[in-house]
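Just so it is clear, A, B, C, D and E label the chains in written order, and each chain counts residues from 1 on its own.
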Amino acid sequence: MRISRRHFLKMFMGAVAGLSAGCTDFEKISTGWRSSEKWGNPLEEWIPSICQQCIGGCGLLVRVIEGRAVKVVGNPLHPVNRGGICPKGLAGIQSLYDPDRIQTPLKRAGERGEGKWQPISWEEATAIVVERLRGLKEKRLTNSLVIIAGQFQDLREPLLHRFTDAYGTPNYIRNRCFTPNEVSKAHFLMQGVTSPLGYDLMNAGLILSFGCSLLEAWISPVFQLRTFGHIRQERPGNRGRIYVVDPRFSVSASKADQWIPIRPGTDAALALGMAYVIIQEGIYDRKFVERNTFGFEDWTDGEGKSHVGFKTLILNEYKPFTVSSITGVPVEDIFSLARAFVNRRPAIALGEKGLSYRPNDIYTRMAIHSLNGLSGSLGSKGCLTVQSDVPLTAWPGTEQEESVRFGNSQPRIDGAGQGKYVLATDAMENLPGNILAGRPYPVEVLFLFHTDPLFSHPKRDTFIKAFEKIPFIVSFSPFLDETSHHADLILPDHTFLERWQGSPVRHSSGFSLFSLGRPAVEPVHSTRDSADFLIEVARRLGGGMAKAFPWKNSEDLLVQTTKGLYHSREGYVVSLPEEEAFRQFLEKAGYRIQETRSFEIFWDSLSAKGAWWSPAGSSAEVRKLIRTPSGKFEFYSNTLKNQMKRAADEVGGMERLLADLGLRARGDRLYLPHYDAVEAQQTAESIFTLNTYRLMSMSGVTAAQPWLQETLAPHVAESWENWVEINSERARNLGIRDGDRVWIESRKGKIRLKARILPTVAPSLVHIPFGQGHRAYGRWARGRGSNPNDVIMTLEDTLKGFGILSGTQVKITKA
Amino acid sequence: MTNQCSWGEGKIFFWQVVVLVTFYVFIFGVVIWILRLIWLSWQLKDVFSGSIGISLVAIPLFLFLLGVYNYVFWGILLSRKRSGQGRKD
Amino acid sequence: MKVGLISSMIEGKRHWLLLAGIILFVLIVVFFFTTVMGRGVKQPIQFNHKTHKEQGVECSTCHQYVREQTFAGSPKIEVCWECHEEPITESREETKIQQYAKENREIPWVPLYRMPKHVFFTHRRHVAVAGIQCETCHGKVGEMVKPPAKQLKTLSMSACMDCHRDTGADNDCLACHN
Amino acid sequence: MALWGMVIDLDKCTACQACLIACKSENNVPFVGKQQADRGRIISWLEIISETEGEYPEVRTRFIPRPCLHCDNPPCVKVCPVYATYRNPEGIVAQIWERCIGCRFCMAACPYAAKYFNWHQYRIPESMEKGFNPDVYVRRWGVVEKCTFCSHRLLRARDRAAAEKREMRADEYVPACVEVCPSKAMYFGDLNDPDSVVSVLGRSPRAFHLLEDLGTEPKVTYLMEGERHALL
Amino acid sequence: MHSSRHRLNFEEHRILFDPIQNPRRGISIFMGILLAITAWGGFCYILQWRYGLGASGLNQPVLWGFYITNFVFFIGISHAGTLISAILRMAKAEWRRPITRMAEVITVAVLYIGAANIIFDLGRPERAFFLFLYGRYQSPLLWDASSITAYLTASSVFLYLPLIPDIAILRDRFADRKWLHRFYQVFSFGWDGSPRQQKVLNIGITIMSVVVIPIAVSVHTVISYIFSMTLQPMWHSTIFGPYFVCGAIFSGIAALIVMMVVLRKIYHLEPYLKPIHFNYLGILLLVMSLLWFYFTFSEYLTGFFGHEPTEMRVFWSKVTGTYAPYFWTMVFFNFVVPVLILSFRRMRTIGGVLVASISVLAGMWLERFTIIVPTLANPRLPFPSGIYFPTWIEWGLMLGSFSFFVFLYLLFSRFFPIISIWEIEEGREVGLEEVEERIRSYLPETAGTFNSREKERST
């Protein structure tokens, strides 16, 4: 019955505080909402908005009373979430009313990162930025403006891109761990499609997920959750099956029909092992393979040079026993999986994102995707599809003066798309190094949009150094996060409930959709919509810039842009399911009712209902889905071949390139899905492989929302900090008890975390949820647990040019 | 034992009665309380029977205690008065 | 010492002590009632309900939401404006309306009858549906020449419940509490 | 008279915890902060209970969202000394905050630990109080609080119906958790109506109750994971 | 005749009057210290009142802790008095005479504190009066409220009645102390020991001692109901009623013994409290200890044998888990120590008995604790089971309670004789013959004695 001293002191403090709190204190509590007792008019209204807590693009309805947003719920009409909403979305109000928001534009007063700020007016702030940019323009240094934009889904994305274009810099760099708005590389290489991921999950008979945390944090969580509910119990016909291949026993895994624990990074082997079974037993979709695929059988090209085909490769190299020994998956499981995958068609193999990422991961993705090819899961119901584009009004073209063209013609600062980054659209990994080295040219101005690399990127220290080299850094974050601390100027953006939003949502399910969000409440502080700001800046810069940004403000931008929706004779503003059913019925019969007489009416109903969509997008036919040179689904990717050739020329010789990429494969295997052996596991008593994962309710952004801080995970009762999950037996050997503090140490550094001993963890792994360990970012987020990025060795998937957050070897010791 | 310190019969008796009355008040307070509870349970359709059951024990008990106290109180006071002649032999 | 005091009262000496005690007590009570209980509200405009009623203005004309919403609502400036755009009397109070209108801000009426937050009360249901007169709960505000500084009727839970019982309305806790 | 009940389909539930936050947001449930959280004082009317069996790799985890089960035979009501908690005619087990004396007997008696106590007057930053729901009373220190099936919504739905001079439809009243469930795993309705979705699902062979053997007769029914039955 | 007896008393029982007549400075200081500690407790309570119950270490699963433990414990102790003295009176155990009063005082003093601890435990103490306005007889808490009130009333009366003759004695003894004298005058009801008065008083006492016993039993049964009426594992048990009562008497006797030893020391009551008393009480304690063990054993065995999983979670957390230290210390204190000491005549010295009693008090407190906390810490549903550390506030209040109890006790001893004078006298005058008579009545008449007595009669 002892009380620790800390406890005692804490209690004493508390008690004294309690004592000092006068009776009035208890009254004070209600003041905040007393306001609603105010007379006059507490009529409630529901305003549609779009959730920006993640990129899922759910439609929201905000309950507003007396200009106070008191509740956020899912928009029942919105095709993505149909009234559903995830914890992050619900906590949106807390970010709106966060006491630690930046309230006015701030100008750095002290040294960088010192945290001394001087509030300035928007007028002044704008002036500063404009003057800077004009300066660069005059010096023909436009290309030394760099914009780093994080993970968001909005019209500001193209807007920013446009800004860089019109201004004359190629450096519009996205900092994302995951890119749903772009085509998956594997799909691109094997199908040639250039539009983003599309899966008709709702109708799939079996979903085989390689490490995609379907039910936690994938492309569009709520959409997936809805899908899950739908295929499990709602839709007629048999109950959809879900198999999860994942080294971690995620929530998705625990809700799946079967969890296949696998040695990290060996997914390719498993996929190809399954391919072996499918081919060997001849149960693959012969018709599809013969008609629509390339490189399955051995073949000879134009010069009569014979090439090894997918089939041969597989049959030679991926016998189940071999695969089993590589992946640690029992042979019988490989068989049963393979058979299930074929028998329960339509089946989809999902392989984007997940713990399986490893260097040269592209082949893993291709291997997984090849399963879709084998089972012919293209072009029919419940299979792969593509995101059809949204018919928005094209923005007026930008006629560019010479200086701009010159700027745009410069190489990207991060080297994406060149040399060994041949497939990369952005190469964040490479960025800080280049900035430091001033290669190929020094950076003058940096804009930070909705991104916090100093928190979310493992190369934190390098970034800080790199930032020191940049004379002028502007952050548009509404919160004083780590990166903003190192900025010179902070132009606080609205939070998403305060501003106009429009987004052509990417949500993986094919149909094209445009969401519109009205400002739910008046801006709480003197913040400003960054879109407005950009338009303003462009106008002031004048010339081509001004012409490229002809809009008054973001609302005007939306109005102009959505005209296209009205005039395109397809799709309609979302409405009740019954109406939609009726419409679709009519459309099948070939009729189409134009509901709205004028664009104004259309706009009103759009901004009242919150979304426009055209359901016709899903289940496209094969032709739409395969755009390769050969016009076929390419097991043997000619696209990749060409790309690599180009890259080889840039760096001077294929061998050189392959050396850079660290590829072991040679010859035809380079262009076929294959498995590259992963680095050998160290086997010491205290060495583990570190894996970070994302919780449903916690991402780096939502760390500042108390509700979520107290509702971190369903599988462990933890709050306000993150933890490390360790296998029971190994923990026992290390003498670590549940709840102990432990050091997680890699060659890069060490962090201290609470250990949670779980029977579900693989002995060789430890898992740390991502999102905690902020060094800034307000009172709720700062100093909660510690940031796994501090120990993650930045491996890099060179081809695709982004960092790998798993696979670091760490040593765990009791603290 | 008649000295300046001691009170006259009257005053003493007054205070004794005060004590007794407080006791009365207390007991009847309790009884009323219990009745109130019963009434409530009737009003709110709570377990009326149970309340009755308990009160069947409780109320008589308290009254009984009151009785005993009374008995002793008066018993002693009164017998003292009459004990005048009893003292002789 | 205390004992001594009491005794002196008992023994009838120094009656003034007893008296002092009583007076003190009375003072305390008075003080309490004047300060804590009797804190009246002062309205920005000395609104005269009586004359308006005599002009045939219904309660619901100014408290416009009484039939549509859970709350009755206080008169918005434009409501006053409809009649008082041109001064129709030479009352000083009336000029205030122009004043507020000029500054175009709402008249900061002070709520007088308020429900505790754990009670849900809906005007429309009581007035529009049940057809209860305003006076029943608010007293004869209509006959006052000044805005009442105190509630003419105190709204107590028992009052609500009695009425509910008599009218056979739902008397379950959850019928009003949230 | 309706009898309100809930059905939670565990085969659809994804443990996403949306219901938790929806509840907190709707009912002004305070977040208690790190210090209090560490001392096990988080208030969360609806909790997701997780149970893990087995050792790697043969493991199984079950997630069960647990609101107040609004028992028809509530152990908590039996023991309340002051009528602060009671089962109302429509089956909602209510907690009257202003009556509660904070003896926590009901908490001790509830086998589901569905009741929570305001250990302090929890203070929320002024700015955040703007986000409070004006429909729901913010509990003060020292009282027990619990899930109310969002009875305030029932109140207002009734009122709306009454104002429009009509009977309230059952679907007008839905608790916040059910409203937002992304996978539509939660159903709410009138158990007295044999055709209501909750009654129908309640008859499913997958249906079971939490700690059924205690005879508390919860009005929250769970459907266990597994194949859909011909019934539905 | 009476007056003569009084005079004799004054001389003889001077020890008993000393605390009243010329109280020792040391004791006054000690009382001052106690009061100070109590005040500290009061301060702690004010803090808690300001800060909310959060000032305690209670948390989500473990929502009852020290306060409830103390409540049960104190009410338990209260059984010392009334019950024991009542039983002894009924049993006509002559050795009771110097003990009864002490016992009864314990009861009255401790009941208040027990009740107070319930108030400490309320989240909204200022609403406690709701119990009277809106109380609800379905709740065991209300059963408690009424039975404790009854017990309090009964035992106050029971304490008061035997006090009357002594007050009378004091009245005569302190004729020169103005207020004290008047005070005694009022409360002695003008007792002058006339046979009729004695008759009345004896009847009163006898009735009371009959009535008090069932009440006392009911009180602790009802307290046990607070727990056993819930569905919680290791609470929901039929044995709890008698188990608690037994425990209560057990701890009661222990408390009584401790009190006796202390007072004996500070008031030099050696002539009144002889080793024999402690010896007898020791034996009583031993019996209760065995009885307690029997109950505990059967309680836990049934739990274990039934092996219901939820029960077992609690069971193991007590036997091997988090609460094992408390549990085993409890067994050690409640069973091993007293039995070892008290079984041997040689060790049933005052010192020995004292040690045993103290260990029993500690043990019984732990028993209450291990009954309440582990069950709450292991709820039926697999929640994270809670850990409970009392805060200094709780400690403060606990200390306060204890010191206030002792304070009250000493306060009483400042105004009334802690040993019933007249009963001693009665013992001398009536008791001896009575006992002799009784013993003789047990035995067969012998001719010798018969004749001799005949002779006496005739002469």
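The rule is simple: a residue touches a chain if its C-beta (ideal position, glycine included) is under 8 Å from a C-beta of that chain, and two chains touch if they have at least 3 such contacts.
This is a predicted model, so every value here is computed, not measured.
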Would you identify the chain whose C-alpha centroid lies closest to the centroid of all protein C-alpha atoms displayed? D
For subunit A, which other chain has the most distant CA centre? B
Two chains share more C-beta contact pairs than any other pair here; which two are they? A-D
Report the inter-chain centroid distance for subunit D and subunit E in whole angstrom, where each centroid is the mean of the CA atoms. 45
Whole-angstrom distance, CA centroid of subunit B to CA centroid of subunit C, is 47
For the pair subunit A and subunit C, the C-alpha centroid-to-centroid distance in angstrom is 57
Could you state the distance in Å from the CA-based centre of subunit B to that of subunit E? 25
Among the residues of subunit C, which are close enough to touch at least two other chains? 117
Flagged in subunit D as touching 2+ other chains are 42, 50, 83, 86, 120-121, 138, 141
The positions of subunit B in contact with two or more other chains are 40, 46
Show which residues of subunit B lie in contact with subunit E when the two form their complex. 1, 3, 5-7, 12, 15-16, 19, 26-27, 30, 33-34, 36-38, 40-41, 46-47, 50-51, 54-55, 58, 61-62, 64-65, 68-69, 71-73, 75-77, 79-80, 82-83, 86-87
Okay, in this complex, where on subunit E does subunit B touch? 132-138, 142-143, 146, 149-150, 153-154, 157, 161, 164, 171-172, 175-178, 181-182, 185-187, 189-192, 194-197, 200-201, 203-204, 207-208, 211, 215
Name, in rising order, each residue of subunit A that touches subunit D in their complex. 10, 14, 18, 25-26, 29-33, 35-36, 42, 65, 68-74, 81, 83-87, 89-91, 93-94, 96-99, 215, 221-222, 225-226, 228-230, 232-234, 239, 249, 251, 254-255, 259, 261, 524, 696-697, 706-711, 714-715, 719-721, 727-729, 758-763, 784
Touching residues of subunit E toward subunit D in the complex: what are they? 51-54, 57-64, 118, 121-124, 127-128, 130-131, 134-136, 138-142, 145, 226, 229-232, 376, 379-384, 386-387
Residue numbers on subunit D that touch subunit A, as the complex places them: 9, 11-12, 14-18, 20-22, 24-26, 28, 31-35, 37-38, 42, 44, 48, 50, 52, 54-57, 59-61, 63, 120-121, 123-134, 138, 140-141, 176, 179-185, 227-228, 232
